[in-house]
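Lettered A, B and C in written order, each chain numbered from 1.
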């Protein structure tokens, strides 16, 4: 296959960036998108040019490191797929593919396609946990959890934190990411004691970090590599409303 | 050097409990004065950092990923073992201990493994308390499955994402401590040097991977939970960033490296599609429960799978191992696959693959049953290969997956350098010569949540925070300078070959000569070639960019440089261990059935290697292995 | 129930959060939605003949305080709806300061993306509509008591009908996303009702728009004289 890659190049956070075109020959349909990037980088290094920076690690769709916009879609045109699991057989010979970094005020660009997603960590630090000190746990079967509840919690827990939801949201909102964590822990009996505080802390932190609001476009769900449903956003809103009516946000406590 | 494993005296069942009583305690009010560095944020490092933070220590945690949640533990699929006996199938601490020792082919310490089995139940409790959504039965109890040929169902799982869920649990516990300021998190930081003075670990030197800044961090103890070194083989199931730099730097500073040649191959991975292949993807071994493995009888048979009649197929595992058949252990089925491919009977690109065929199972059980059992794996396979396994057989091939070897540690998980602890895959302790499925997660979390937080206090109680070095101490200055020198050497070589091309060559050399099967000739050949490749690397590598910047090529170059040195040690160890055991299969030593033939009289010990300089033969120290509770037996899967 | 100062502060600070703002939009939207239904049902009485409609108009006027109460509530709802929408939109724009060179829309609808345009357009139309029928009473041959005649006379003019029909289509588009969005925002988020929400919301939007549009069409077609 022959392809043209148009890739966002930006030297650093404060430098100006722009798209640069790279014609590619000899692309195999069995290559992953990132392997094409590897190949391009090898060529760039050989030519004495600066290789393209992009985040990637496990290359099996679970670590959430990789991800950029591929021709206008986060993680590219295939549903339920991360960038590393996107294979070139889904493109046509002669295609021009545009690769841009995930964009959001909360995701400043570091270099080329690499963005700083530490804001997502901060949302989790605000309340995305159950405070259970090591050693304090009762027997695992002391608490029975209906299978459907556990399964639904797992649906939400599957989030890999890649940030695609933020990237495609017209409002740069992290509602799906936040709702997935609140949904996962809120569905489980272990998560009940901190449920309201969790909703308050995480949602308020999301606002504070400069993420936008949800306008219910549903773009996030459409690009989520793990298919997390926006129903969890509705649940989160409910939790947040209830919490706002009954509790005042408190800081994280020692466990 | 005398290796003292510091195994507590007394009966096996009470060693750990007695040890917990005997270790010195740090007064809770004093704990905040102690600084502990944890490198790595996976199951071991993340759970250790979180727990040490809870205990009140002043913890700094470093990881090369952009978030602690992305450590490679996240990619573990199958599950986590624990001796809970929830299935009432006669499981027990002793049985898990027995299975682990036997699975490790009697090359691990009894006391460590027994403790691991004891702690395993508490690990599950802790994970559930943190909200890990393990699979449940309809009554609400935890579900279990049997895994990796175990006779009991003791594996807990969360769909095919157990590692992810366990890691997110540890990450959430870590996040609490970060929010409280008890743990300071340093993502996108890579440890490049360990600082040791007077035999004590004093801290580390790290590189900020965004700015390129080199900084020193001093502590009263350093914990390495940096995972394994499978990526020395270039193509493995590990993440692209997984590396051995932290443990290798520690090794160069005096930490002994134990059993480096114990590397594990996973039999069911998707074969490489071509030269461009950047990593290999593992598929759950559970596929072998219903799939039949075969290759054409004739070498060079290029017909499509569906055009090959039954009479021209060789179901070689069923033929060679009638009782276990397609479920023969990992190493046996891996070697068998290599053998048929070496005979020219392999399938797919490059002839490196064997068929895993579900046609018979689909015919017997129906497609819907197979879809229910393996639907997600079939989807994953199709995503990667573009082939529909309901219609045609999968192609699989073994790949490097896990390393049992690692830095030598005593019962306290402390290396031979005082104050340097090594946990999880980075140490050598529990899996012997072969790890059982679903035991890696168990060990990582047992080390991090329960064992290290207890044993590290014993050391800290004997040192004073006032003795902690300042980061402007000469030792730190020197270490920083070493890092900078090495970096500028890499950047200034300005040769003609990329880092990746060297890595591929090194990987191929190791895979072919020190992979699934090893023999003296191949090992000697590797031994001769590695130093030449290393020499060319330093002379002819081309690393673009600068040190004071986000530079992924430079990161890779540093890691590959360390693999170049480690590779030689792997080969030394494989050559020295003139027996077959577990995953270490020396062709010269096999039974008539092609089984690994152990030589207990000569090799019932842990090989702990001491660094003596690049290109110098490392010094071997032996820790004898004594089996008081289990009888050494030869396994048979006929 | 007595609202304390603390409660008021809490409600105020809630309404300033992203989720809170959306809840305000949903709640005020619901009030406006209810008004739209009532207004439509009232208007549709035109098909029952002049007496019925005029009697209804007289009834409304006779309720006095009640009518003013409703009007004030509606006015507050509309004001809050507009102010909050403007605030949320600005915040959303701030959250994505740099756009994409290439961005595809996958799940979102045209209606969803144009809420910030259809909203003001509907508002402009409502202003004009009020001027015409309620405030300035600028309609042709205006009569205080014969509402029916006023409506028929106005809609006989194709320009007035045309503008009205276009405005109602725009309103329909706003409701198309608005109703679904309202349900989602206030957390009626059980997946069992998901399909219901996704089909009922547009259906209701279509019914409302069609109900309003039926009147000028009927006048133009000579069904209502």
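Here are a few things to note about the model shown:
Quick note on the criterion: a residue touches a chain if its C-beta (ideal position, glycine included) is under 8 Å from a C-beta of that chain, and two chains touch if they have at least 3 such contacts.
Bear in mind that the values here come from a model prediction, so they are computed numbers and not experimental data.
Chains touching both chain A and chain C: none. With centres computed from Cα atoms alone, the innermost chain of the structure is A. Centre-to-centre spacing of chain A and chain C amounts to 36 Å, using the average Cα coordinate of each chain. Remark: chain B and chain C have CA centroids separated by 62 Å (rounded to whole angstrom). Look at where the CA atoms of chain A average out and do the same for chain B: the two points lie 27 Å apart.
Per the touch definition, chain A reaches chain C in the complex via residues 19, 69, 71-73, 98, 100, 103-106, 168-173, 203-204, 206-207, 210-219, 221-223, 229-241, 244-245, 248.
Those residues of chain B that touch chain A in the shared complex are 47, 50-51, 54, 65-70, 72, 74-75, 84, 86, 122, 124-131, 133-142, 158-159, 161, 163-165, 168, 171-173, 175-176, 178-180, 185, 187, 210, 237, 239-241, 273-274, 276-279, 281-282, 349, 383-386, 449-450, 453, 498, 500-501, 542, 544-545, 549-550, 552-553. For chain C in complex with chain A, the residues that touch the partner chain are 10, 14, 17-23, 88, 91-92, 94-109, 112-113, 115, 177, 180-181, 183-191, 194. If you check the complex, the residues on chain A that touch chain B are 12, 28-32, 34-35, 38-39, 41-42, 45-46, 48-51, 53, 55-60, 62-65, 78, 81, 85, 87, 89, 110-111, 114, 116-118, 120-121, 124-126, 128-141, 143-147, 150-151, 153-154, 157-158, 160-161, 184-185, 188, 190-191, 252, 254-255.
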